[in-house]
Structures are given as C-alpha cells and as structure tokens.
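Structures incoming, each one as structure tokens.
Two complexes, one shared chain (chain A), two partners (chain B, chain C).
Take a look at the complex of A and B:
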C-alpha cells in the first residue's frame, strides 16, 4: 500500500511538472495580452510532430538533445511570426481580445485538420527519451519518467530565470502588470506581445515533445490539451504564473490519486468538480488578481 | 525645444483638445493651470505618444513626433510622469526604477541616474525591496517621479504631481521639481491650483475646455486679480 502511494505520488509529480510547463505558457499570454489563445493545444501537437519528423523521419543525430536544441528557435520564430502576421493586425479594433479568441479558435481547427491531412489520421509514437528502469528498494521507476520530470522542471526554472533576470522578461512582466506604465517607460508593447506569444509557443511545444512520448501524437488531440491547460489556468487564476504552477501540481496529484483509487474514468469528473467548486467560491481562481 | 501647433486630440467621439498651440523652451519650467477634466493631462499624454487619435503638429528638437510610438518618444528624451502613478504594483521599488531606464538612451546613463535619484529620494532607496503596491499615495508619487528621472529624459512632462498629497509631500515635490530644473532639465508641469508652483514657472498657460485661454509670465498672472482668484485661489 505504502509503495503504491509513493508510486502514485511520483506519477502525480511527473504529470504536474509537464502540466505546469503547458499551463504557465497559456497564463503568460493571457496575463500579458488579456486575450485567450485557443490554438494553444494545437501547438502542443505541433511539438510532437516536430520531434517525430526529426527523430523518426530524419533520424537526426544527437536524438532528443538535437530536437530540443532545434525546437527553441523554431518555436520562437513560429510563435513570433504568427503573432505579427495574424494577431497584431487585430489590435486596431476596440474589441480585439474577442477577435483574437475567434481567430485562434479558427487557427486551432485549421492546424488540427492540417495535421490530419499531412500526417494522416492515425496516431504516431515517439521513441522514449531514456530506456530502462531504476529500482529503489522495491520501487521501480522508469528512467523516461525521471527524464521528463527533470527536463520539465529545468525548462520551468529556465523560463523563470528569463522572466526575472532579462530585460525582455522584466518587460513582459511590466506589460502584464500595467500596460500604460509599460508604455510610459518606453517598452514597445507590440514587440512584447509578440515575444510573449513566442515564449508561450516554446513552452507548449516543449511540453508536446515531452508528453507525446507517453501519450502518442494524435492529430486531433490539441483540443484535449487545450481543455487541460485551460482548467489548470482557470483553477490557478488566469494570468497568475505562480497560481498555474500550484494548480498544475495539485491537479497532477489529484489525477494520479483519483485514477488509482477510483479508476481513470473518474479523473476528469474529479478535476472539473475541483475547478467548479474553486470558481464558485473564488471566481478569480487560487491566485488570480481581482 | 517643444512646439505644439494646432493640436487636436480625441477619446472616441469626444473632442478633448481643440487647436492647442504652445511651446516649451529648453531649460525652462512651464506650468499649465486649469480646471479638472479640461484636457491638461491629455495634452501631456499626446506629447508622449499615449493618445491614439491626434492631429496637428508636435515637434521636439525640430523633429516631428506626432503619431510616433511612445517607446520612440521616450528614447528621444521625453518622458511622462503620470498623475495616477502607473507603477508596476507587484515589482519592488528597485525593479520599478530599473524599468524606468528601459530605453536605449536611459541605459547608457543608468548608473549615474540611479545615484542622482538616490540623492533626491533617500527614503525610497532605503526600502528598495518593498513592493510598489504596498506604498502610500505620497510615496508612490515619489517613486513615479523617480522612475521618470531614470529615463534620462531632457523634457519631463509631469502630470499633477501634488494632487491629493499631504502638505509635507507637496513641499518635497516642489523642492524636487526645483532640483530637476537646476540640473538643466526642462519641465512641462500640469496642476490645478497650486500657488507655490507659480514662483518657479518661466511661463504659464491656462487651459479651459480643451483650448489655451491664457499665455503669459508669472507676473502677468499675479497682476491679474481675476486669474489669481479663479486659478490660484489667492
């Protein structure tokens, strides 16, 4: 029993670490631009296909190391260009937040069907990051899970460092906290919007590379990821990075324990019940600002 | 240094500034008086690129700046110090000041300016790790001015710095405006009715209903009984 609990906790921690990577990117975009990116889940799938092309199709040397090395600039560029070409022109309208939501919803559907057209309707699988197991006493851990956990946490720490120690990171926070104040000190708001979109694309793309090893790459799977990321950000508090972090680990643990004790079919019910109760008592979420 | 010619500004359907013409010479302190809600703040914001719908002409050092993005204007050496502070609430005093020096121009002189700011606002620097959201109104106003000075601007557009402050803070603010002016900076300051400010003004404008209704020296105001009574309460 005790070993099982440890095992489930480890599984919850691993889920939480990947969810945090995905949810923080979504909440970052909302916090800075006050617009919701519905295409977020599709970029997760894009991350999975990106790794699949490099690893399975091209057999890139260096394995996952090369994939991560290539992913950061590619996802940054994709996110940045997409923001500049599709989203930025909408800002001249008074109700641009609503227009961005409509556009990203369309983009999500476009990407999902494009994935299906290009890669076919069947799911694809990625090779494991690491093979084998580690035994600690009677407990057996998969090296792949440990690798995913360590990489997710490293990515989070890396993004945290960028946000708190670089001029661009500080500017991102400044725009999120006070857009007028940011303009007053001379922060180019539009460039920061694009940079934020790009950073969040990197985060969800890396999340896709890591989690698709466990969950397979489903061309239409973006919607589920989008819902998951939304549940975490709404539970943690829209726009609150710290709230999303806590929420990701709480929900990761909840999923693991409910799945173990009551069965996987009850996982979504438990997650959504927690979300609804939280929002009924505290509409701004765990750490959202009123 | 700054020339404004037939400037109009709009918020939605509302025509706020109507053919405003004014000028600010380098190294001077220009004060604009006028009732609340008559367009004084909009004028300063228009100069600094913070109002979207504007037409007419604004030139700074002979360069046309109307319609330029605010970050370009800040980089040219013009900064706006907001009446309602516009700080970054979840950042510390030090982080707010650091972001004040965001522009390329400011970055070059960041070290020199932080020393100057520390000498002007010693209390702020003693509590540099305090979050801006936990500061009182007067302290926040001081931080807003300090952050504005970090931008290394040559022209400071200061919006109602003494509004809603206790008398002791008001005196501090007048002293600081004097210090800024002594350092060769140009100040374009907007207030409602502060007689003490008149003493340091090289030129005074009065704005009513979005138009300039008076332009003159401090003596012109002080010798005009009607103006003294209406705008200075003297």
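Take a look at the complex of A and C:
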C-alpha cells in the first residue's frame, strides 16, 4: 500500500512536470498576446509524430538528443508562421478574440484529421528515452521517468532564463505588462507576438516528445491535452507563470491519485470539479490578478 | 418552405436535410443569441443539445414517459443545467467561460460512457438504440414519418424563432446592447450583467435542450458521437457563415452548412479535415459573414461622393 502510494506520487510528479511545461507555454501566449489557442493540443500530438518520424521512420543517429536539437528550430518556425499567417490578420477586427478562438478550433480539427489521414487512425508508440530501472530499497524507479522529469524541469529553467536574461525575453515581458508602453519605447509588438507564439509552440512540442513516450501517440488525443493545459492555466490564474507551475503539479498529483483509486475514467470529471470549485471561490484562479 | 414537402414528399433524402436545417437553425440561433448578443463566450452549446437529447431519451425509454412530455421535461432539465453551469461561470472573464463550458462538453463523453452514465440509462458506449417516436392526436412523428415530422419541426421552429426575436427586440436585447458597449454605464442604470446573462443562458439552454430532445425522437438512437468535435465545428461554421451577432445570418448559415455537409458526406474521414480548412478560410476572409457581405454590397452602391477613409478620419478626430 505504502509503496503503491509512492509509485502513484512519482507518476504524479512526472505528469506534473510535463504539464507545467505545456501550461506555462499556454500562459505565456495568453498573457502576452491575449490570443486563445485551441490548436495547442494538436501541436503536442505534432511533437509526438515529429519524434516518431525521426526515430522510427528515419532512424536518426543520436536518438533523442538529435530529436530535441531538430525540434527547437522546426517548432519555432511553425509557431512563428502560424501567428504571422493566421492570427495577426485577425487583430484588426473588434471581436478578434472570438475569431481567434474559432480559427484555432478549426485548425485543431484540421490538424487532428490530417494526422489521421497521414499516419492512420491507430496509435503509435515511441521508443523510451532511457532503458532500465533504479532500485532504492524496495522501490523501483524507471530511468525513463527520471529522464523525462529532469528534461522537462531543465526546459522550464531554460525558458525562464531566456525570459529573464535575453533582450527578446525582456521585450516579451514588457509587451505582456503594457503593450502600448512597450511600443512607445520601440519594441516591435507584432514580432514579439509571433516570437511568443513560437516559444510556446516549442514548449508544447517538447512536451509532446517527452510525454508521448509514456502515453501513446493518438491522432485524436490533442483535445484532451488542450483541455488539460487550459484547466491548469485557468486553475493557476491566466497569465501567471508561477500559478500554472503550481497548478500543473497539483493537477498531475490529483490525476495520478484519482486514476489509481477510482479508475482513469473519473479523472476528467475530478479535474473539472476541481476547476469549477476553484473558479467559484477565486474567479481569477490560484495566483491570478484581478 | 412550408410548401416544400408537397414537392419533395417522396424524396426522403431532401426531407431529411430540410428537417436537420430546421433543428440546427434554432440551435445555432440560440448560440448566436448567447455569443453575439449577450457577449458570453459559451462553447457549451453542443453539450446542452446532447443533454436535452439524452434526458428525453432516458426519460422515455427507462421511465416510459410519453415523448411529448419527456421532450418538455428535457428542455426544463437542460435549462436547469444551464443555470447550474452559468452560476459559477458567468461571473468570469471571457476566455474562462469558454474554457469551463468546453470542459463541460469534454467531460460529458466519459460521463455518458462510464458507469455513472450507464447507471442512469445512457447505454454506455453503445448508446440508446430504441427511442420511441412522438405520438400526438393519433399521429406518429419520427424518421419513418418524414412529412408529419417536418411540419411539427417547422411549427416548433417558428414558435421558438419568434420567441428569440422577441427577446432580441425586447428590453432584454436593449439591456444587452448596453452591457456590451459599457458595463459600467449598464451598472449605473441598474442593469445587472449577471442576472441578464443567467436569464439568457437559461432560456437558450431550455430551447436547445428541447430541440436536442426533438432530434433524439427523430433519429431514434443516440450515441456519444454527437459530442465529437465534428458536430461542434459544423455548428461553428454556421455562425461564421452567418456572422456573429447578425441575427438572421445564422439561419442562412445553417441552410448552407447542413447542405454542404450532406454533400461532403461521401468523402468519409476527409470531411472533417475539409470542414476545418473551411473554418480557417472563412474566419480569415469572411468578415461579418453573409450578412456583412450583403451589407457591404448595399452600402457600396449607396456610396456616391463620400469617401469612407475621410469619414473614418473625422470620427477619429472627435
């Protein structure tokens, strides 16, 4: 019983670390550009297929190291183009927020079914990051799990460093705090919007590469991930990076324990209940500002 | 439209399309009232539709309630559910509402398929297969009796469209216009945003649930496939084609979308892919939907000597 609880907590921590990567990406996009991206989950699946093509189809040398190396520029470009071609033309309308939601929802549908058409409806599996286990006393830890945890935490720290120490990162923060003020001091707002979109796409893509090793790649799985990331973001407070970090670990744990105790089918119901209760008590989320 | 069955009475395919157009037109109009007039980013319209359909089906199959009453009960249940969802979420800012209502949608699938849903008679992943037809005055209304069902749907569509139009034109509609322009002004006039939003949420979910129930008794079987993204997108395309908040536009959107969707049916799994692409293209290039297009055509004919750009400049100066 005790060992099982430890096991469940470990899987909760690992889920939490990857969710935090994805939720922070989403928070960043919402906090900076105020765009509501419904296709977010589809980019997670895209990350999974990206790794699958490189590792299984092409058998690239260097394994996951090369995949990560290739993923960063590819996802940056995809995210950048997405914002430039699809989102930024909508900004001139009054009700652009609603239009962006509708457009990204259409994009999600398009991407999900395009994946299904190209890769087939059956789920695919990725090879593990690391093989083997570590034994501490009676406890057995998978090296893969530890690898995923370490990688996603270091990705988070890396993005944190980029945001706080580079000129682009600081410009992103400036636009988030005051778009007009940022423009006055000469920060190109539109490029920053696109860059933020690109960074968040990298985050969710890396999250897909990491998490798809544990969960299989399902062409229709994007919506679930998107909902999860949104629940975390709303729970933590929209636009609050620290809030979504906490929320990701809380929900990762909740999911692991509810799935273990009541069965996986109740996970979504428990998540929604938690979200509704939180929002009823604190409409701005855990750490959000009014 | 009422005379169409006289010509198409024998053609089941076209009758089916006409009935679906009528049902979807009302459901989409309700969504337009929520999104366009009340300004609530609700993404729960399909879930209300499905809740209505399932409650009427469960009531009539498990409890043997005559469909005529179960449909009305289903509307009331959906209305209550709408209030329950609205209570926590209508105080929230725009994107939160979208998220919560969409999460409700996503939660319905595991709920209806899981043990909880089976306990209340949802039939699990198989769905409900034997929903009785509506019986009234010795007549039977279902997919086996297309013409009579068409007239029943037409009657209900007209009644509820009139109710929606009355709401838009009434004090409520004006209140929403004020709320949308300036919530502070509205508050100073004593208009409570929350109260009006909750009222409109209850009304539209009642109507949506009623038409969901109507659909359930029309097709005679239900499954959780109704909650797929596909259906959601179809409803959204109606809004995009019609234009958000341009009321009769969404009805035109329903006519076009249902027809095109039926024509695309032979494409199988490529249909949702094409629907997704259509949404992207329409959002990018069709600014205010069909109504906006017509408006611009009319205004470009009227414009004789006034340059639009100079007008914009003047209004900005003020």
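Quick note on the criterion: the second predicted complex is superposed on the first by the 290 of 290 C-alpha atoms of A that agree within 3 Å, B and C clash if a C-alpha of one lies under 4 Å from a C-alpha of the other, contacts with A are read in each partner's own complex, and residues count from 1 in each chain.
Criterion: contacts are C-beta pairs under 8 Å (C-beta built on N, C-alpha and C of every residue); 3 or more make two chains touch, one makes a residue touch a chain.
Since this is a predicted model, take the numbers as computed values, not measurements.
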item	value
Touched partner set for A:36, first chain B, second chain C, both or neither	second
Touching partner for A:188 - first (chain B), second (chain C), both, neither	first
Greater residue coverage of chain A in the superposed arrangement, chain B or chain C	C
Touched partner set for A:102, first chain B, second chain C, both or neither	second
Partner chain(s) touched by A:7 [first = chain B, second = chain C, both, neither]	neither
Residues of chain A that touch chain B when the two form their complex	167, 170-171, 173-174, 177-178, 180-189
In the complex, chain B residues that touch chain A	48-50, 69-71, 73-75, 79-80, 82, 86-91, 95, 98-100, 102-103, 106, 147, 151
Residue ranges of chain C in contact with chain A within the complex	35, 41, 87-89, 91-96, 98-100, 102-104, 106-107, 110-111, 113-116, 229-230, 232-233, 236, 239-240, 244, 269-270, 272-273, 275-280, 283-284, 287
Touch list for chain A against partner chain C, complex	30, 36, 86, 89-90, 93, 95, 97-99, 101-103, 105-114, 116-117, 223-224, 227, 230-231, 234, 238, 265-266, 268-269, 271-272, 275-276, 279-280, 283
